[in-house]
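Next come two complexes, and both contain chain A; in the first it sits with chain B, in the second with chain C.
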Partner chain A sequence: MRVAPAEPCVPGFLSAYPALAPRLPGAAVPWLRRCRDEAMERFAALGLPTSRDEDWKYTSVAAIARRAFGVAAAVDLSDELHAMVSRHAMVGTHRMVFVDGHFVPGLSQAMPLPAGAWVGSLAQALDTRAVDAEAFFAAADEATDGFAALNAAFWSDGAWMDLAAGVALEVPVHLLFVTTRSDLAVFPRNLIRVGAGASATVIEHHVGPEGVAYLGDTVTRIVLGRGARVAHTKLQQEGRKGFHVAAVAAEQGQDSSFVSHAFAFGGQLARAAIATRLGAEGCDARLSGLYVGSGRQHIDHHTCIDHASPRGTSRELYKGVLDEAARAVFNGRVIVRPDAQRSDALQSNRNLLLSEDAEVDTKPQLEIWADDVKCAHGATVGQLDADQLHYLRARGIGEGDARALLIRAFAADALAGIEHGPLRVRLESLLPGALPEAA
Partner chain B sequence: MRETAMLEIRNLHVTVDDKPILRGLELEVHAGEVHAIMGPNGSGKSTLAHVLAGREGYVVTQGEVRYMGRDLLALAPEERAREGIFLAFQYPVEIPGVANIYLLKAALNAMRRHRGEAELDAVDFLALVKGKLRLMDMDETLLYRAVNEGFSGGEKKRNEILQMAVLEPRLAILDETDSGLDIDALKVVANGVNAMRGRERAMILVTHYQRLLDYIRPDRVHVLAQGRIALSGGPDLAQELERRGYAWVEAEARGQQAGAAGGQR
Partner chain C sequence: MGKGSVQLDELISQEYRHGFYTPLDADAVPRGLSEDVIRLISAKKQEPAFMLEWRLKAFRHWLTMSEPHWATVHHPPIDYQDIVYYSAPRGKGDGPKSLAEVDPELLRTYEKLGVPLQERELLAGVAVDAVFDSVSVATTFKDKLASLGIVFCSFSEAVRDHPDLVQEYLGSVVPYTDNFFATLNSAVFSDGSFCYIPPGVRCPMELSTYFRINAKNTGQFERTLIIADRGAYVSYLEGCTAPMRDENQLHAAVVELIAREGAEIKYSTVQNWYPGDKEGKGGIYNFVTKRGDCREANSKISWTQVETGSAITWKYPSVILRGDNSVGEFHSVALTNHWQQADTGTKMIHLGRNTRSTILSKGISAGHGSNAYRGLVKVAKSAAGARNYTQCDSLLLGDRCAAHTFPYIEVKNPTARVEHEASTSRIGEDQLFYCQSRGISAEDAVSLIVSGFCKEVFKQLPMEFAVEAQKLLGVSLEGSIG
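Our next item is the complex of A and B:
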């Protein structure tokens, strides 16, 4: 069952909202209803971004704007869905499965969690536990663009993780978002709060059917307390005709450590905005990413590392492998605020173009307002190295194998720091290129 | 009458970026022989090594190269390698992200497949490699590092000879393997090369200096000048060159090109 606006994206959602709003999670919670209404007003004012917005200069969402998307009101549990979930499941994780925007306990797999760790459905938490999430929402919904506003208005569910001080969540939490049908729009929202000295590993995983268009519009907010550690891996494997727009925003407390990995493989148009704010002294942020495109895929990453306090360290490495007529955008913004003395920031973006039609727009965007800082950045766009290729061939390795091996070697960097075995194995199987048979 | 040469180069002309580098080179190498190709910088020594290995950008405009009775120039670089040709690079290439041991195994198994032999399993392979590591006085940790990445000059050269020892080529071409080596490393490398000399194997040592030849005694020494072999001789020729330099050979070569006949003495 679904509620399907017959009109293109923007007017469709505007007209669908009044009927949908009373049935969305937390409709009985006054502040939440107010948040949604305000977000809807912002969406009405903002619309979808256009190329006139600096942040969307190289990424046109016209293909999204002219389509009509419906919202799933319920979930159909099919055999294909079960197969899809088992294909993407990872052993040894606490798994929460969301289908077409709705949490499905029957497909999920709970693991024993330590005392002080709450991991569950955001919708259920708001409806049954009166969680103190209001501040979280207010901050989250300083929506910067139409997609964020749309998510704030229409979000249907997502994960709510709340770790008390000192809780070490050893088991990775696997959030699997499955879209099952064409022309659906899904709006997951995840809120993750990790208390002082607590730690968590989260895998945010998006998958969908091949060959049909749908829209996933996700917002994830992460708040790290003093000395907290969070490793967040975003694994985007949408269907090749899917549209994917996602935002991950972290707010770091003193001496906290935030590790973000972003892997983008699917989607016809995929955009991820990944941001962290080093909001107190001594924070450490490590961002890495790998995007792999072919066909006519368009994959956009906008990252923002905001050094807002002294003695923060950030390391960023994004890599891209683009074949055929794929196109990628990387925009790496690094802000060092006037008070953020002794900040240390390194950024690197490296791209491998495998065809003449592949294209990348890479842009470092450094805004440095403090003087006692170390900041460096670099961006490269290149082809496979002819000397390396020849060297391998001169050792008897065939040209095809040699190319695959070099592509693989280039991409494999992005796995550095992924410690969870099953996740690592999964990612290795998704890397472009290949190891020749001798492996 | 000698048996057919393993490598037979006839009237080889090669251009790089439309510039003629080799101009009518002739060379015959038989199984069991070690040949040294010497000559001043720019005489075409490395070009010869690259052409034999099949590097792109080296255009053969005339002549032929036969290897084991086949047209070598018709083979892709990997086919040459699988047929037993090995080039130890003057500048070994760094390949971040590919473990040294991985390259060794992929290369060895590519050759074994080509010869219709079963691939070595991990245990046998490691035993083989460890034996060769000892021969080259190399630390086992180098196996697990990325190919040549962060290796010192000496480590890179040893690594080339390690690959050669593992792959056991029929024809090994060592391009300036001695350059950049200190005397201890040079001895290790020479040791490794000498250990591989044999009746079935031929070697071509490309070198600017006679130093390497103090440790690896060649059967024949050739001097390359103006893109062709200007002078050939026995091992003593290397010492003469060390004493007298290359200028007189080059002068003679120019004289010969101006009309005089002959090239062997």
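Our next item is the complex of A and C:
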């Protein structure tokens, strides 16, 4: 079952939808079918974003629009797939593996979960909890761009996590999304609901094959109850020819705490939109990120921290290391709504350019509608400090090692707050400084 | 803060002090815009053919454009056919030869505004090229400047007396295709100031122009062109006040600065046009395109602005850093009170090697005011060693105002260093308390703190302006503390 391969992206999806829709999860659930149909109408109206959209000013998706992608109906369990999963697995996690958009229990690894914690496939959950999920979907599907609408129409599976009040999920949940073939489009969708006082750690991990083009279009939605705590790590290691478009949106309840880490290493064009809404009093949001680009990679992060209620605190630090002809885009938006008094927001974006051809476009953005606030942001773009290099070289460290050391030190800040040991080790191994040019 | 708030309200609700209207016999063209109106303007001004052609090209291009809506400002739609595009105070045909010939009504208006046009000008050392509505009525110190080879005159005179200079430089920084409002200006601009500083000349005095908007319903479209030739220096002051008016007035000016090798231009503005009343009724729409071109090496252009007026300010004084080692600066204080909206900032386009730019922006919002900083720092691949430092601070006075920051940073050269910092906070209660506990009234304390907040910008202003700016801010802000 393929989307007509000769057609480029937008008409291809439009024409494929009617045939595909009856076979997508929840097709028998009327409200869900309606959600998908409406999303398809929105996609037909919106199309893919262009550089005329302010949010996509620096990121052209023409390379995606030109191609035709197919949707995988079934999964082939090859040896390479097993090898790939074991390479990316992390010990001590509750692992769910999704291959080409479909949950594969055989590759997953369940850990004992406390009572009141439901962690499973969204497609399966819909059969058992359909009514419960409706409100969640309606809120999640306020698609503002074509990719979000596409995901809402075509999503095939993803994680459904539902934690009752007070449940502390000690074991991190590792959601591993594997794409196996070229020209596939996969649409994972994760819905995570964490009840009052409950806590969870989620690792959303995207990997794919090298050398072939495919499209991953992911939506993750997280709802935090009163006093809930969620640590979400997005680890993007798509193949260097892959296209990756992801949205993470959190809605925070009173006194809740949301921690987001975003690490972007792969993809030829990777875009992550990470947003949180501090919807009740006393929320705390901590966003950090690291993007490392080389070759002709284009890596885009759009974050939005919406202080919609009083006494919220947010901290944000994004760092980028760009080599060769890589290009990074960072847009950090902080909104303080009217009456969100006593908000306290700090934001920082720092970029390191290592080559003549690298480029950074950064836009930290503050929109303040209340007066009793403390907000600050900063952005820097620069190169390695010549004095620091000189210092190291004067102590007998070769230029390559000195550069590697400084790059690594610059990037390592982004690991602060990662508590899970195996994840930390994994991330350390991925940090630049092991970059070939600096080795 | 209860008592402070009351005082603040009093201060905030102060009426516009410069709101008086001088009935003058205006020589206006009919409302609306068409090729005929443009031909009429050009004919009235007895312009050479190249000017008319340029205006018509701009007009034809304007017809293909649509009004931009990306700024965070809101206003009812503007009817461009309901504007009188030209009005000139009637003089004695050939224009006044001396102050004695100037309409006494006009002189009285300037007097009320404190324009040092007579003896005071000598004391102040200011040469004033006063633009009253659209035609230059008096120019002073011309002889002294002329002896140095400096040309400082109204735009119409420049077109008449120095057409070669005008033809060479007009539109070379802001082309007639630039943006909706600049294109409109190119088609219909009535007058403005022209300044040329010959090579190696350091202009011995601050050049100054007071722009006023007077005749009812006359949009004012001035055009300023300043050229500093090799090694020249000039400091130029532009100050504005406007009488109270009920209908919104469109103001779309264009300013072009050209600095050649080693030249320096310092351009300072105090803008205090009518901001509308307490309910947000009326006020000037100030949609201005200002751009400087550091065309050759080692040149410097510095913009300093104090924006306290206008219902809407839409203004991004920019510098194109083309020459190697050239320097661009932008210092700004923008204040919005009542229902004023400001979307202002700068663009620093680094093209040459070792170019440097500094941006210092201070935004103050009170009442329902909305204040946005929107800036672009662009480092092209060619701009090795470019350096930028940006600081944007916002101060909020009152819980219904807004402050936004939209800095765009685009870097394509790894040797560039770009830093941006911004902060937003309200006036510190501890600072207020400190002052008040030492017997300083809430109002004075606020004034003190705000002037401290703006000090870095004010110190960039020439002395005459610094005094006026302090006063303006005091008037606009007194009592905004709450």
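The rule we apply is simple: the second predicted complex is superposed on the first by the 424 of 439 C-alpha atoms of A that agree within 3 Å, B and C clash if a C-alpha of one lies under 4 Å from a C-alpha of the other, contacts with A are read in each partner's own complex, and residues count from 1 in each chain.
Everything that follows uses one rule, which is that a residue touches a chain if its C-beta (ideal position, glycine included) is under 8 Å from a C-beta of that chain, and two chains touch if they have at least 3 such contacts.
A quick note: this is a predicted structure, and the numbers were derived from the prediction, not measured.
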{"item": "Which superposed partner A:Trp369 touches (first chain B, second chain C, both, neither)", "value": "second"}
{"item": "First, second, both or neither for A:Ser355, with chain B first and chain C second", "value": "second"}
{"item": "Which superposed partner A:Asp55 touches (first chain B, second chain C, both, neither)", "value": "neither"}
{"item": "Partner chain(s) touched by A:Asp344 [first = chain B, second = chain C, both, neither]", "value": "neither"}
{"item": "First, second, both or neither for A:Asp183, with chain B first and chain C second", "value": "neither"}
{"item": "Chain A residues touched by each partner, larger count belonging to chain B or chain C", "value": "C"}
{"item": "Touched partner set for A:Asp401, first chain B, second chain C, both or neither", "value": "first"}
{"item": "Contacts of A:Glu38 with chain B and chain C, given as first, second, both or neither", "value": "neither"}
{"item": "Partner chain in contact with A:Glu324 - chain B first, chain C second, else both or neither", "value": "neither"}
{"item": "Common ground on chain A, meaning residues reached by chain C in one complex and by chain B in the other", "value": "none"}
{"item": "Of chain C, residues touching chain A in the complex", "value": "70, 379, 381, 394, 396-426"}
{"item": "Chain A-touching residues of chain B, taken from the complex the two chains share", "value": "53-56, 76-78, 80-82, 87, 89, 92-98, 102-103, 105-111, 114, 119, 146, 163, 167"}
{"item": "Touch list for chain A against partner chain B, complex", "value": "385-388, 390-399, 401-402, 405-406, 408-410, 412-413, 435-439"}
{"item": "Of chain A, residues touching chain C in the complex", "value": "54, 58, 338-339, 341, 351, 353-356, 358-383"}
